[in-house]
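Both complexes shown next keep chain A, but they swap its partner, so chain B is in the first and chain C is in the second.
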Partner chain A sequence: MRITQGTFSFLPELTDDQIKKQVKYCLDNGWAVNLEYTDDPHPRNTYWEMYGQPMFDLKDPAGLMMDLEECRKTFPNHYIRVTAFDSTHQWETPRLSFIVNRPPSEPGFQVTRQECEGRKIRYTVHSYATDQPESQRYRN
Partner chain B sequence: MSSAEDATNRDDGQPLADDARVDLDAVFEESRIQEVFDQLDRELIGLRPVKTRIREIAALLLVDHVRRQFNLASDTPTLHMCFTGNPGTGKTTVAERMAQILHKLDYVREGHLVSVTRDDLVGQYIGHTAPKTKEVIKRAMGGVLFIDEAYYLYRPENERDYGQESIEILLQVMENNRDDLVVILAGYKDRMDTFFESNPGFRSRIAHHIDFPDYSPDELGAISQLMLADENYRFSDEARVAFDEYIERRMQQPHFANARSIRNALDRMRLRQAKRLFEARGSVTRKDLTTLEADDVRASRVFAEPLQTSD
Partner chain C sequence: MADTIQNNKRYEAGVIPYKKMGYWEPDYQPLDTDVIALFRITPQDGVDPEEAAAAVAGESSTATWTVVWTDRLTACDKYRAKAYRVDQVPGSEDQYFAYIAYDIQLFEPGSIANLTASIIGNVFGFKAIRALRLEDMRIPTAYMTTYKGPPTGIVVERERLDKFGRPLLGATTKPKLGLSGRNYGRVVYEALKGGLDFVKDDENINSQPFMHWRDRFLYVMEAVNKASAATGEVKGHYLNVTAATMEDMYERAEFAKELGSTIVMIDLVIGYTAIQSMSNWARKNDMILHLHRAGHSTYTRQKNHGVSFRVISKWMRMAGVDHIHAGTVVGKLEGDPNQIAGFYDVLREPFNETNLEHGIFFDQDWAGLNKCMPVASGGIHAGQMHQLLHYLGEDCVLQFGGGTIGHPDGIQAGATANRVALEAMIMARNEGRDYLAEGPDILNKAAKDCKPLQHALDTWKDITFNYSSTDTPDFVPTATASA
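This part shows the complex of A and B:
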């Protein structure tokens, strides 16, 4: 199941040129971009690992593309996303975030039902990928 | 419509016919390069070889642009440069200009200059250098990376020096990311030569070695004029004569750093002028505030030493 998190996630995968243009848009708005990766696709997993440092002072997307290439080499089977952070007063938050790399196959989620007192049922989602320990997921 | 007229403006990716004609004048006109040349001539005194080379580069990029319209494939020319010259000959100033020029010529995308020295590139401990160098390179992407006193990167006396690591990363980026950034090295001639001898890879990756000549006394005079005008000052007629004499004397003394010495001298003269005005009390006019007098010039230490005649 193809996960849909962040902007553009319902579109086909962005090509490198398209990524460049989106990053350019972020930089033109004065946002600082950075790369993050994870192998836990749960939607509530908001804190991904950062690859390298956040790229303040970047003027051109080529800098990020260089890092992205390295990051893809290091984590070919991880999710990688670009996040653009707006540091202006009272925003101080990510303004745009989109996935730029995903594992070749995504096993998806399982719905678990817990029966509670009365006839109440609690639902939770569980990602099949996380059955494996960290860094051993998506190995097929 | 003939293919000659619309040839210069087309941008549809279709190659031109083999017998099409492109009007170079129109392309030149369109690129606003003349503006850049005029500005260079106005703001940079002397530096003949430098300006010639900039013209050559501009011509090359222009012709390359037209060639591409005919679908004549060729690699993007490498524009990594090395500026050598004595202190104060304008290496940094020209590097800044170069970023703007290359931007106008559409060679770099952003046209900013990232100016660094050894400290910004080389780390303190193992594993520190590579990220540090890469960080700087990323910042410079789309613009010009200017490495001042580049010979410090290589320290032959210490074989475990981290500078070597930085050099290797730079070399790799200069080769692989030619479209993304232009690297300009600067330094004194003799030390750069030694640097290139021990790093032949660097020499061969740099297409343009530009030597900055020393300024003549006349050029230094013109430079001082420009510097003063920028700061809203001017010389009185006597002060002008005195300053010409100052230049002549200063050039014979040790540690003469061309335009930099001139700038420092002017700064000291402004100090003396301020002191003179302050001590005179009373009221001042606009003219008093902007004029440097001969006394401000002649109070310099340089005049205390005897003038050596050149024979």
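This part shows the complex of A and C:
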């Protein structure tokens, strides 16, 4: 399966040049960009690990691209995303977020159903990846 | 000059013109705390426009048809609404814009029902005017803060859904009537798995013989959870909880919550009080509240009579809904681009500046109320993606019902086509391309990697709805010579 979180997951994987253009768009809007990575892409896993702080004073997309290269080297089989934060009053939230690295094979999720009274079902979405201890997920 | 009778003759029994009773005060300077209403008045033949404006001010505040001495028991000067300005509508011979100011203490805090009972209560049937339309309102900050506004708002909705930087995608299940719960859930699953964020009940799907509401909710939530697992994304379906009574609606909303739905839906026809009650419920239960504007065209569409949709938009943001259908510009339903831009601004911006071209007559401070997400729905398809993004921006829900379910290769393919078209357009926009002009090229290029998009473009490429709008702005931009 292919996880389709993020703004561009239905398009072919972005080239570094395309990533750079998106980062430039974010910086031109005055947003701070950062990198986050995870080996548990559950849809409710909000807090991916931060790869450094958001780059509040970054002017040139090259800065993020350098970190991305390092991050990919360190976590080649993790999901990595770029997130852009807008500090403008009444936004104060991410304004763009897209995946820039993903594991070669994505095991996806299981739906667990607990049958309750009155035909009601309680659903749990479970990441197959988390069946392995943290250090052993997505190893090639 | 005001013609108000100043001495005690004002209160002699009998009938005197509204203008002389204190409802026409051309020198009045509206207070920052006044509610201001702008009406389009078409007086009956022979009726002086200022008298007509005074009559509207009178009937929407303290007056009745005759003088009553009991006025003198009150601070009646304060409670009288004051018409203070009347302008002829540009390009029209018999229509006038009347500005009327109301003291803030005429209104109950936080009650749309009370506000509207005054402003659109009796006056619309008044014999002395042939037609009347409420065009816009200025809500003072002091009164605005008595409303809670959208329970979730655009920012938190996006955070909850983990979806940023692009419009959300939806579809309304079709056919709107007749599907069994089981078949209905199939449509939901296919559309969500294919790439939509939301699917939606239609306005008239409640609990009919062919599909009981509980059955629908159960099958739909199966579809939502299965699609979420298949894609790794948060997905949702607007479960319509509209019903005959508040008790029924609460019961349905509670059930939606127990099943883990992120969003419920109501129809405008349930009424303002019911909408505010459901908004309170949504706020208590972390639920996104979607409003389908069923019925609005009966009073918003004709230009000379009724209530402009920009006023409905204001009231609904105050009443507290998170989503509201507000037009597509390019789709099958009424929608002049400038008018729609005005509605979207009213729903989304923290502050509206006066913009006559967009039909915004007043500066409006939203006093920190959450932003409401406009929904574009009705006769739109992937081939229009560049126009949709241009006219509507990225903070909206684009709903492709027929444009998803009617895809020649099936519902999943339809959903995928829409998502790919959208992401390609957002990418091009962010790269700084002139995506409106290059839109068809951008779509064709994206379709090379995506057969479903190619088939969508082939199927609907020539479908447009070019009819002239009935509800259009009265002020057109004037070209100014550049220095």
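Here are some notes:
The definition used in the following text is that the second predicted complex is superposed on the first by the 138 of 140 C-alpha atoms of A that agree within 3 Å, B and C clash if a C-alpha of one lies under 4 Å from a C-alpha of the other, contacts with A are read in each partner's own complex, and residues count from 1 in each chain.
One rule holds in what follows: a residue touches a chain if its C-beta (ideal position, glycine included) is under 8 Å from a C-beta of that chain, and two chains touch if they have at least 3 such contacts.
Keep in mind it's a predicted model, so treat the numbers as computed, not measured.
In the superposed pair of complexes, A:18 makes contact with chain C only, with no contact to chain B. Of the two partners, chain B and chain C, it is C that touches more residues of chain A. Contact with chain C, but none with chain B, is seen for A:111 once the two complexes are overlaid on the shared chain. Applying the stated contact rule after C-alpha superposition, one finds that A:7 touches chain C and leaves chain B untouched. By the document's definition of touching, of the two partners only chain C reaches A:90; chain B does not.
Shared-chain residue A:47: touches no atom of chain B or chain C. Applying the stated contact rule after C-alpha superposition, one finds that A:125 touches chain C and leaves chain B untouched. In the superposition on chain A, no residue of chain A contacts both chain B and chain C. Of all the residues in chain B, the ones that touch chain A in their complex are 109-110, 112, 131, 134-135, 137-139, 141-143, 177, 180-181.
Residue ranges on chain A touching chain C, taken from their complex, read 1, 3-5, 7-12, 18, 21-22, 25, 41-44, 46, 83-84, 89-98, 108-111, 119-123, 125. Here chain C touches chain A in the complex through residues 155, 158-159, 162, 164-166, 195, 214, 218, 221-222, 225-226, 228-234, 258-260, 350, 368, 371, 416, 419-420, 423-424, 426-427, 430-432, 446, 449-450, going by the rule given at the top. Across the interface of their complex, chain B is touched by residues 52-53, 55, 57-64, 66-67 of chain A.
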